[in-house]
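Naming follows writing order (A, B, C and D), and every chain is counted from residue 1.
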Amino acid sequence: MPILEITDVSAGYGSGPDILRGLSLEVEEAKSYCIIGPNGAGKSTLFKVIAGLLHPRTGNVVFRGESLARRRPDQVLATGVCFVPQDQALFPEMSVRENLIMGAYLVKDRSLVKERLARVYEMFPILSERAGQDAGKLSGGQQQMLAMGRALMIDPILLMLDEPTLGLAPQIAQQIFSQVEQLKSMGLTVVIIEQNAQRGLELADWGVVLDLGIVRFEGPSEGILEDPRIRELYLGKAASTGETR
Amino acid sequence: MIEDRAAVGPEPSDPEPEQQEAQRPPGPARYRWYVLAAVVVALFALPLFRPMISSYNYVLTLGALILMWVAMSSSWNILGGFAGYISLGHSVFMGVGGYVAGVLLYYHGISPFLTAPLGGLAAVALGFLAGFITLRTRGPAFIISTIALLFMFLLMTDNFEYLGGAAGLPLPALPLSQEWLRVPFYYAMLLIALGAIWTAYRVAHSKFGMGLRAIAEDEVKAEVAGVPTRLYKISAFAISAFWVGVAGAIYGYSIAFVRPTVFFTIAISAQMVLMAIIGGKGTVAGPVVGAVLIYAINELSLVAFGATEFNIVIQGTMLVAVLLFFPLGIVGTLRKMNRLPAFLNWD
Amino acid sequence: MTNVIQVAILGLLLGGVYALMAAGLTLAFGVMRIVNLAHAAFIIASAYISFFAFEKLGIDPLLSVVFVMPIMFLFGVAVYQVLFRRIEGSKRFGEMTVLLTFGIAIMVEGLLGFAFTGIYRKAAPGYANESFIVDGLFLPQGDILFIPKGQFYASLLSIVLLVALWAFLRYSQTGYAIRATTQNRAAAEIVGVNVRRVSAISFGLSTALAGASGALMSYLFPFFPFRHWQWVAVLLALVVLGGMGSMKGAVIGALVLGVASSFVVDQIGPTWGPMTFYLALFLILLIRPQGLFGKEAPA
Amino acid sequence: MGAMLEARGLNKGFGGIQAVNDASFEIEEGTITSLIGPNGAGKTTTFNLINNVIRADSGSVKFNGREITRKMPHKLTRLGIGRTFQVTRALDDMTLIENMVVGSSAQNLRGTFGSRMLDSETERALDLLEFVGIEKYAYSKAELLSYGQRKLLEFSAVLMSNPRLVMLDEPAGGVNPALLERMVDRIRRLNEQGITFFIVEHNMDLVMDLSDSVIVMAHGEVLTHGTPEEVQSDGRVLDAYLGMA
């Protein structure tokens, strides 16, 4: 029984063309997904549609029986769907602690906020060390951890991470991955867009390959990278067949 | 990240928008020139019909003022309409023109009818200088700096003895009998208005004007396309100052004094902005239509209500209403609806 | 030496009031990118309320903030809902807000002129013409300092309000949301802030601050409807100087320029005071177009 | 005789992230060179650094042996470097013809304040619009064009200034196959006439088909530079896309 059902969604920006072109996808509870695909495939757009930041032109997004397609972002968040965008989207002049508290903006119970804050600090000790520092002054990796930590403050059911390791050194990226691993083990449903496809797929139960605004193919994450269609997707038709021009 | 904000996949369908044929759009109907020529001839001939006009001086004064506003809002439009840089302190140039001519008359006895172009050039010089500094910013900060420029000049003229301080300089009247006194001012303003419209028309129909419109739409794109944006912006500022300065010179003479509060008040700048926006900023005809209309409304409400405050309320309300409902102004909106009379299509 | 201290004190007292006035303007710009040219018109409108409350009902201008601020808050929320919501997301939003508020300023000015005519007003509560006198202490023998009571109270109230604003922004739930929206509107949406609601509240707060400033203005400075232009020019100069949207920049700018203008007044003459602000504005545009605490705009 | 375009040690950081890191490359005259790489590799930033829309932190750019690092963009256009934008920035409120002519250099005051368009310019603009096949919209406003047609407009407008080097930022993004074919054909024909192309593009079929040489960027650095075949068979390139580097 999927918790998130995306059916036939088309979406685009302003008066621009459709970026998602009738995309359908099902996400099951407590499983983890890695979305890969070349630039321009519509990966980030898909996340924005789910998060309510972009309304689909056609199709529907249903989360646990409720339609999200016309909801405001804060209403989507309240259902337990949380989005960590690619550009981290922190509040640069707020301290780490304040950023985390902002993450629980919709949580009215103060003691609950405190509890979760402690849990995030435990999971990301570096954030607790830097609690008083402005978020804008953190390193790239720390900012990413803060973005993830902030997402946890709402205690999400479904967590969407858009390229969490973008621009990070391999070692730092490794840390981020192990933290995602931890989130998984906590029972969260995680959907991740990851450039480091190999690592991302290792982490995930299920791989989804997007191209040109639709799901090109999906399957258990092992073996996806060996699929010859992958090479073609990233390096052109000639590359997959081994022929040259 | 910087890249791929709007990464896009191929488009399955690329609907061809509905289009007319590839010809050049039909040229503007010819009769518009007859209409315009007739209007200009009528304006030149107006003072000749003295016996037929009951309140001759009132009509000429009114005519001169409307023409002055036509000139000033048309000039404002070159910077604010074409280039998209809103100046809320444009009357500073009127004051510069007024004071240059006023000083030359008061201290040296040279008639403003001769020195008005000098007033305009002084305004141009200030335009260059101010543009050089204020055009380093864009948007709100630029607008604010134009207001500050205006108040700087108010303060300075208020405090310079040479310029007569807050009381200003009284100017000797034109040595003419009362009955002919308004005629030279009327003709001067008519020439100024025609000059300003011509300038706006030339700018609109030049590479320069096209560059300004590109700047208004997307400055970075314009620059990369090859438009020297900084030079063009500063030039637009300076050019848009010229006729305002000339008009100021004649206006000071016509009221027989120059005084800081006559020129350096935001109300006068506001008027220019209002006229251009209501008429349609960025079009050549818009400011002309706006100036005539607003001035007519002002006069009517003065006659009807007598209170200037009420006038101001109407102006503010009109500005807000036009911005919210017809941001393109009268001419712009009519054109969009394809309802613009041919004789007003000057672009 | 005593004179220098005296001038500096007067400047600081003035700067405190300027800071309060500029804070409201900065709040509106920071959260919603609204350049409110009508801010000073709102201040003058509020000054009339306080003035008449004093003249007719004998309510002390300093106390009148208790009702002027809520009135202006509601007024601001209404203005936001009626005017700004409909242009949100439009192409040239910044420019639109300037022109719209320009129109509003003209309207308010006209209405005030219509209702109260153009004559100068100034409330005169008892303390307005009294001073505290400081002597002894560290001062040379025989020298004394005057601290005008009216300005002292005004400055004190400004500080109280600014601190309250600071605490509100820093510790309240809504304050968090306002700061978050200021710093990163998209991120605020992501964490569940209803940015439209926050915008309405912020604009209301901004006009409420104008209300408080007006209460102070009613007895500190003579006012009449047309005066708001001079004020808004000075306040906007302050806001640009501080780096548009930076509260810290606006407050520091207000204090520094308050003192600077006070020295200009002392040394050159009272009419040159505002010149300090304009000159500072052009100087900063030449050296650092993004303002003291502003950030460089991306390409 | 050096290369036509020579970038040396370009650097640009945004906040904590090094968008372009010590990038050096050369583009030979008469070639079609593509710049590819995963998201966030710094491709568009590199473009922006070359024509100085964004100022480089360090490094230099030479065009035909001439230092152009600090030159204003409009001067570069005059020197013969044309450039399109990723998100098409057509001047919506202007007609296609005006879009074409707006940048053409007015040589003197007469040219600047004389007629909006010279007959020769109109003719050339019409020719170029015809060349890309959108001449029937010549006197309509650009806002009426579809997304793909805008790309063609942008492409043809760049040609107005008789550039020697044309930089295209994602010419194929959002363009339907028919229009795309047209675009590719036109690029080829112009290249045969001796115009050098430098292209950022995601459509790998197009890149591999069209390019004489391909520069691959990842993490702001130039990873490799070679022929399409070399790049396609270079294991590091796919690894860079899939994050396995």
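In this text, contacts are C-beta pairs under 8 Å (C-beta built on N, C-alpha and C of every residue); 3 or more make two chains touch, one makes a residue touch a chain.
Computed from a predicted model, the values in this text were never measured in an experiment.
Trainee: Quick one: which chains contact subunit C and subunit D both?
Mentor: Touches both subunit C and subunit D: A, B.
Trainee: A-D versus A-C: which has more C-beta pairs touching?
Mentor: A-D
Trainee: Taking each chain's centre as the mean of its C-alpha atoms, give the chain farthest from subunit B.
Mentor: A
Trainee: Quick one: subunit A and subunit B, Cα centre-to-centre, how many Å?
Mentor: A distance of 54 Å separates the two centres.
Trainee: For subunit A and subunit C, what's the span in angstrom between their mean Cα positions?
Mentor: 43
Trainee: Round to the nearest whole Å and give the separation of the Cα centres of subunit A and subunit D.
Mentor: 32
Trainee: Need the CA-centroid distance for the pair subunit B / subunit D, whole Å please.
Mentor: Those two chain centres are 40 Å apart.
Trainee: Show the residues in subunit C shared as contacts by 2 or more other chains, in ascending order.
Mentor: In subunit C, residues 299 touch at least two other chains, as defined above.
Trainee: Tell me, which residues of subunit B touch at least two other chains?
Mentor: Those would be 1, 4, 6-12, 14, 220.
Trainee: Would you please write down the residue numbers of subunit D that are in contact with two or more other chains?
Mentor: Answer for subunit D, listing residues that touch two or more other chains: 17, 39-40, 53, 147-148, 173-174, 202.
Trainee: Which residues of subunit D touch subunit A once you look at their complex with the stated criterion?
Mentor: 15-18, 38-40, 147-148, 173-174, 202, 204-205, 207-209, 219, 228-229, 231-232, 237-238, 241-244
Trainee: Within their complex, state which residues of subunit A touch subunit C.
Mentor: 51, 53, 72-74, 77-78, 83, 85, 89-94, 98, 101-103, 105-106, 150, 154
Trainee: In the complex of these two chains, what residues of subunit C are touching subunit B?
Mentor: 29, 35, 37, 83, 86-87, 92, 94-100, 102-111, 113-114, 118, 225-226, 229-230, 232-233, 236-237, 239-240, 244, 269, 271-272, 274-275, 277-279, 281-282, 285-286, 289, 291, 299
Trainee: Under the stated contact criterion, what part of subunit B meets subunit D in this complex?
Mentor: Against subunit D, the touching part of subunit B is residues 1-17, 19-25, 202-211, 213-214, 217-218, 220-230.
Trainee: Once bound in the complex, which stretches of subunit C touch subunit A?
Mentor: 173, 176-177, 179-180, 183-184, 186-194
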